[in-house]
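Report on one structure; see the data block that follows.
A, B, C and D label the chains in the order they appear, each numbered from 1.
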Amino acid sequence: MPTTVMDMLRAYPADLSGVDRDKLARAIEECVTCTQTCTACADACLAEKMIADMLKCIRTDLDCADMCGTTSAVLTRQTAYDVNVTRPVVQACIAACKACADECEQHAHMEHCRICAEVCRRCEQACNDLLGSLG
Amino acid sequence: MPTTVMDMLRAYPADLSGVDRDKLARAIEECVTCTQTCTACADACLAEKMIADMLKCIRTDLDCADMCGTTSAVLTRQTAYDVNVTRPVVQACIAACKACADECEQHAHMEHCRICAEVCRRCEQACNDLLGSLG
Amino acid sequence: MPTTVMDMLRAYPADLSGVDRDKLARAIEECVTCTQTCTACADACLAEKMIADMLKCIRTDLDCADMCGTTSAVLTRQTAYDVNVTRPVVQACIAACKACADECEQHAHMEHCRICAEVCRRCEQACNDLLGSLG
Amino acid sequence: MPTTVMDMLRAYPADLSGVDRDKLARAIEECVTCTQTCTACADACLAEKMIADMLKCIRTDLDCADMCGTTSAVLTRQTAYDVNVTRPVVQACIAACKACADECEQHAHMEHCRICAEVCRRCEQACNDLLGSLG
């Protein structure tokens, strides 16, 4: 995927928010990827023959997609940074990613759940790494 | 606004998530309204002559709109309810609403900020009321 | 639902976009309601015993929720109005609402689909009324 | 950015929607990237000293971010594909990307607008390529 996350951080015309730039770019990229992957996994689960077993997976996919989309936007914004908003948003994203990874790992014999679990786990880790560096 | 939040909760064909139904409907309604109002306030701030004074307000409006949109969706879903996701999502929503209300109250001589502050404060309260009743 | 759509339009500090104000407020309100209702209907369909019959309904619900959410935001913004963006966005919203209403009407014996079909049809109509008045 | 768009298309457990798979993956990837880049450009414009000149750019960035986010989700879903929804959604995305690229190109001496214009133009092209192959 053609990424411009770091390019756009470098092009920001004022001081960045003070957050570790590499960890920030990584967290944004993982949130962006996780939004799309969870949307795809929810849809793939809908197409499974054993759909009755996939209800929890679909629900956690939808929540995780929404929460990662919001987190990528909040983290992208540098103007008037407020750690009192960023921190709980990142914490909520970590919780949504953990729940989705836990659920998808139980269906890892399905390729879409296997991939989605990996993506959610990476996003959870990237958000945790960022959280540790927030002021 | 024609509301169907409670009608849709009543039409849910399985057991609801165990959350207090009135508090849940109220929180969803306030999140939905807050999403639209913060989007409008960010746009109205852009049209102010003193726009340089409105940057923090625009940013908190955008964050609050995104976070309230996600929260309304997460709260709307009843299937496979998971308090470990719902709780941090609601907490992040409270933080975003509080930050936006605090900022808009400082521009309450502008009608759009006065209204937006009230809406954010109501949403913060509704989410806090709901949070206290989460299992 | 506590509505502030018209209040926020009145509080806009510059000239409005020239669109009929009543039709605009109505379309925004219906889009906002439709976003939440379609999210709820998708979730209720997931909880139906006959879920295999609900796949198309879930998919159109999710598309309609996304498209109505975007349309409500685009219509809310008054600054630097561009009919060349607004018109195709409203047209896409009409298409999503029509598809979702058509599908939900086939399941109108389920209360959530009956309500959702009505809400989608109202939103389709409000968007059509607005479209006719766009410059 | 770690992309899983094509991996998730391949992992879909039923027949794909019949759309050209390479063009579909490309359009999804560009929409995903464009959502984040436009969000970043709106924020960077807010931090410009000449902010009064950036109002139209901020507005088109916000519209384009919303519309590309919705389009990436609609295109990602394969279950119960309906060209009567997909086509107008992609057309609205093309309009939003074109408006944003046109505007950002006028500020191409600002690095964030230069990058954003390129990303929007690529997304417009990828959506046009996909549109020509829709059934």
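One rule holds for everything that comes next: a contact is a pair of C-beta atoms (placed from the backbone, for glycine too) under 8 Å apart; a residue touches a chain by one contact, two chains touch by 3 or more.
Being a predicted model, the structure only gives us computed values, none of them experimental.
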In terms of CA centroid distance, which chain is the most far removed from subunit D? B
Check: chain pair from A-B, A-D or A-C whose contacts match over half of those in B-D is A-C
Tell me which has more C-beta contacts between its two chains, C-D or B-C. B-C
Nearest whole angstrom, what separates the Cα centre of subunit A from the Cα centre of subunit C? 27
Rounded Å distance between subunit B and subunit C, as computed from the means of their C-alpha atoms: 19
Multi-chain touching residues of subunit C, meaning two or more other chains, are 43, 46-47, 55, 58-59, 62, 69, 73, 77, 79
How is the touch graph of the chains shaped: line, ring, star, complete or other? complete
Subunit D partner contacts - residues on subunit C that touch it in the complex: 55-56, 58-60, 62-63, 66-67, 69-70, 73-74, 77, 79-80, 82, 84-85, 87-89, 91-92, 94-96, 99
Contacts from subunit C onto subunit A in the complex sit at residues 43, 46-47, 51-52, 55, 58-59, 62
Residue positions on subunit A within touch of subunit D in the complex are 1-5, 7-14, 28-30, 32-33, 35-37, 39-41, 43-44, 46-48, 65, 69, 72-73, 76-79, 110-112, 115-116, 119, 122
